[in-house]
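Heads up, the next two complexes both have chain A, just with different partners, chain B and then chain C.
Take a look at the complex of A and B:
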């Protein structure tokens, strides 16, 4: 009696797992094709330079002596009217030379107003809460300290705010250290698909273009209206996206506003980053899904997309459950004779094919970006898939254990970076193994602020 | 007299602008002038024409229908290819008896070869199992990205060893393996054309290129299936069922996923480099 029950249970689990994953596969196919074929993506670049409100740029920093000067110089070099620009480097209890670097810039440029935190709760969300109280800008733009903003990026990021319904805006994050390690190369593919395909498609289709907390901005009045940053959240950006959405604000995506970042090059760093994202996202899911379902601002499709976005990390345990059920069927000889076996195999096969959907997005982005670099790494994403699945399951296990038993849980963790500077003459971009040619450096000058000392 | 509208070239469909008159040298310093200026990648698209959709759907429909209609000859051909490979490998297959693959369908044939029980498995096979686990542990310790996959494979090996050790009666006939294999692959071949349509035909900027990939991959998938089946048979003949779960995992449907992905990455790599012309430094960070 127990064996037939086990077999039946395994089939139910496989069917449920496949059905759940199929929804995500269809979603990826829709996004991939939508981005690939829409001739004129939703774009607000015509407004660039015509809408120039007062802007405050916030740069959270914690022990950023290697990169602080570079990002501040890059922001100073941005082609935004200095009379309408305020830069607040948020020095969050740094113990290195960050403070003196920031103060040096503040003495030189009157529109740089440093905020030095010496006490209070740690982490970016807590620092942002306090820094935003000091911001005078109508629009708040955020950059992580190790990012490399180009000269026109501020104009591009504020352009969508010409629409009074726009509460937040997000730019495209582009990894620059694709050649650092296999993981960096794989993450670069993932990031490209996430921005060029998924975010742009969601924006085109009228869904929520998620605000990512850096290379993005938020309208100060909208932030205030939704109660500000959530200092308890591990993903304050996702939390803000949904708080805005529930209050009728839209989040815009500006694909043209590209900014370079460094993706984790080692798995230990990536694992902790992923763990924080999983915890923050899942917390948001539990906090917001009932309100999302009831929202009068959202259509049925928007609600579905929002919930799927927040529940995306559940796909990992679903995959594992499917595997366990399949293994059980494999080891039970009676199951081999069950007429349902072909059906189970078909489900399993289709589940594997459904996984191609994410690769369609990656391929679509490679076609659009016109880059051949890294595309041949696609099959190696299998390694990343297994690594991610394990890390996500572990993070969810910790999250739910903490949620139900009230112990443990992850704290805020700053992603470790390895770059020596943001692109100065001794930095990663122009030095060492990645040294660019004189022509590239010259060309870079058209696009990026002149590197200090150049 | 009415004039037929001029057909758009691919370059025109990609919204590029023809450069006329003075052509500045490319920013890379290379001597070849740029003939076209392409739109920034943030606003690019690859047009999806009706001709491409229709051609792709027709081909997928045709392949799936042929697979369903000629299921028996296809299975026979698969067995013939597998039999040749078995001969080449020198495996002692004694017969190819008929096996029922799907109800209502004429039977296919599956190889009959001895698969030893755990007690009959050679010492070498047992050492190979232990060595595999040790090697996976070493790899997991050295390559963090590989760790979870290695642990998964170790779990499969350990479960397999435990199952064989505890339940001596756990056996799998080679004919049953062949039966399950054919069931799985027949289903894969039914679904495959539609997956290939999505991955190769619709995103591919040239219709003929996309259709060519589909036909090539369909043929490749068929022959590769026979190769994998014979390889698993060979391993099972010498090591019993010790490696069966790992083999099933690595050479089953995952393998179908991987070869499609491998060729997809090549197809994308080839097309993406030519679609938007040779890029200069200012056009991309890569």
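Take a look at the complex of A and C:
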């Protein structure tokens, strides 16, 4: 009696997991093929520099003495009008030399207003809540301290806010340490697909791109309207994306607003990073899905896209459940009565269709970015797939255990960085670039700084 | 032995699946990504300025030919040559195959052909139906009727795009651009861009519309009127409103808060938009309206005659600026961008930029329509 039940249950699990994964496969195909279309109707690059509201740049810092000077100098060097720019380095209880570095910059540049935090809850969301109360800008732009923004990035990130429906904007992060380890190289592929394909497609198709909490910005009035940052969330960026969406605001994506970041190069760091993302994302799913379904501001497709985005980490346990059910059927002799040919064809069809979906998306991105090495590296992404699957399943297991049994979950923690302060304006990222001149920052700074013939 | 052999074959076949990937990994191992140009700054006149800078470098380093004279210096640069003259006047039909630098004024007759870039440090007049690669001029530039430029055009002073001139890339001037009927370009940027039949007497900097429909509406308004349904207006928070559906108002519309319309938007003449407005569908604005904020359309956009805009216009489809439209504001240039064709009628003046993903085209408005 138990064996037939087990067989039936295995079939149900396989059918469910295949159906679930097929939905995501179709989603990947849509995004991949959508990006290969040439027309980009929402291109805002032509408006870059023509919309210049007052901007506050927030840089959360916790023991960032190695990189603090780099990012502050890079922001000062940006071509945004200083009269409309405020920079708030949020020094969150640092115990190293961060405070003196920040104060040194503030003495030199009057538009830098440091906020030194000495008490209160730890973590980036809590620090942002307090810093935003001091911000004077209409638009709040965020950078993590170890990022190195280019000179034009502020104008690019601000341009989409000309649209009153834009509540937040997201730029593209590009890993710089691709050769540090195989993991870093593979994460570079993953990041490319996540930004160049998924976010850009979602934006082009009229869905909301996901705000990532750095290399992005939010409209101050929209942030206030949705109650500000959620200090309880492990992924305050995802939380904000959906809080805005529920109130009718969209998150724009600017692919050209690129910024270097450092991706984890060891699996222990990557696992913790994934664990935080999985926990925060899944928490958002449970918090927001009923409201998303009821929202009068969203179309049916927008609701579907939003829920699929929030439930994406469920694909990992679905894969594992499918594997377990398949193994059971393989080792139970009574299950071998199923005709082999239809089963083989179904298996092959699934492999050809579903398993190629993510590879197509990554391939499309490699084509768009012109990165041949990225295309060649794709087969090794299988390693990333297996490792991700394990890490995500483990994080979900912990999340649901905590959710149902009430024990404490993961706290906010800072992702470990290894970069030394050699990548900033004077390092290899800038290649001899100079700071923007006063003329370039001025209102008509869209002309070359020098007159013809000079 | 057999086991070892088959193991070897199996692992060899398995490795072959990843051989190229392994090689790719060895290529990037230990390296840093250098994909991004961190010093990149968006400049509208980049092409012209970049060419000037490169040319200046070439003239400093390239060897001068022995056959050079005081009137014409010839520089060798690999398999191409750069001709430098003090001033010149080419007759009609002349064909030039090398980079040409004129240190004074330059004119050419009709139907000439310049297969490489042309740089003029004085004023420049190009004859009708001439074909050019790209032009940089430090003085004023007049492109004659039917001239065709395969790449960009940049001038320091006044620039005239004659009738039916076609520029396949960007047109920039530090002064002004006169955009005559039938002329086409991908984008234009100048302190002032104007079309034929310009007369500024009609420019109205302040209007007082007979307001009939106001958004957000007064609390006393409960019932739909003039195509506006107060029940469809929702507050998004932060002072922004959302109108859930198409908004076709048969009266002047006064918008006092940022507004998002989930559908088409149209309004009658003398409407006043004080804040940013976005419509997800097509937008049609009545004549003599004033747009103080930005106007964004998911579809096509049409501004009625004599409309005055002070911000940005962005259309997901085509855009048409009717006769008498003015685009200017203090301190910052304005911009109009269309993903489709951008048609500009007569007597339009824009201080800033006109751009399209397809083409910006000047259109002659029948004289009878002009005021």
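One rule holds in what follows: the second predicted complex is superposed on the first by the 407 of 454 C-alpha atoms of A that agree within 3 Å, B and C clash if a C-alpha of one lies under 4 Å from a C-alpha of the other, contacts with A are read in each partner's own complex, and residues count from 1 in each chain.
Following the convention adopted for this analysis, contacts are C-beta pairs under 8 Å (C-beta built on N, C-alpha and C of every residue); 3 or more make two chains touch, one makes a residue touch a chain.
Small disclaimer: the values here were computed from a predicted structure and weren't measured.
Chemist: When the two structures are overlaid on chain A, which partner does A:297 contact: first (chain B), second (chain C), both, or neither?
Modeler: It touches chain C, and chain B stays clear.
Chemist: Just chain B (first), just chain C (second), both, or neither: which does A:222 touch?
Modeler: Once the two structures are laid over each other on A, A:222 reaches chain C alone.
Chemist: Applying the document's definition of touch, where does A:51 land relative to chain B and chain C: first, second, both, or neither?
Modeler: So A:51 only meets chain C here.
Chemist: Touch test for A:260: chain B only (first), chain C only (second), both, or neither?
Modeler: A:260 contacts both chain B and chain C.
Chemist: Figure out whether A:249 sits in contact with chain B (first) or chain C (second), or with both, or with neither.
Modeler: Only chain C is touched by A:249; chain B is not.
Chemist: Under the stated touch criterion, which partner chain does A:165 make contact with: chain B (first), chain C (second), both, or neither?
Modeler: Only chain C is touched by A:165; chain B is not.
Chemist: With the two structures laid over each other on chain A, which partner does A:373 touch: chain B (first), chain C (second), both, or neither?
Modeler: So A:373 meets both chain B and chain C here.
Chemist: Which partner does A:152 reach: the first (chain B), the second (chain C), both, or neither?
Modeler: So A:152 only meets chain C here.
Chemist: Contacts for A:177 in the overlay, against chain B (first) and chain C (second): which applies, first, second, both or neither?
Modeler: second
Chemist: Residue overlap on chain A between the chain B contact set and the chain C contact set?
Modeler: 39-41, 43, 45, 174, 176, 178, 182, 258, 260, 369, 371, 373, 376-379, 436, 440, 443-444, 446-447
Chemist: For a test of understanding, state which residues of chain A touch chain C in their complex under the given definition.
Modeler: Going by the criterion above, the answer is residues 39-52, 74, 79, 148, 150-152, 155-156, 162-165, 174-180, 182, 185, 188, 219, 221-222, 224-226, 247-249, 258-260, 296-297, 369, 371, 373, 376-380, 428-434, 436, 440, 443-444, 446-448, 450-453.
Chemist: If you look only at chain A, which of its residues touch chain B in the complex?
Modeler: Listed in rising order, the residues are 29, 32-33, 35-41, 43, 45, 172, 174, 176, 178, 182-183, 196, 200, 255-256, 258, 260, 266-268, 327, 330-331, 333, 336, 339, 341-342, 345-346, 348-350, 352-353, 355-356, 359-360, 363-364, 366-379, 381-384, 386-387, 389-391, 436-437, 439-440, 443-444, 446-447.
Chemist: What does chain C use to touch chain A in their complex?
Modeler: Chain C reaches chain A through residues 17-18, 20-25, 27-46, 48-49, 52, 121, 136, 138, 154, 156, 174, 187, 189, 191, 234, 236-240, 242, 244, 258-260, 275-278, 293-294, 296, 311-312, 314, 316-317, 331-335, 337, 339, 352-353, 355, 357.
Chemist: Write out the stretch or stretches of chain B touching chain A in their complex.
Modeler: 15, 27-29, 38, 40-48, 102-103, 144-149, 151-152, 156, 159, 163, 170-172, 176, 180, 183-184, 187-188, 191-192, 195, 198-199, 202-203, 205, 245, 248, 253-254, 256-258, 260-262, 264-269, 271-273, 275-277, 279-286
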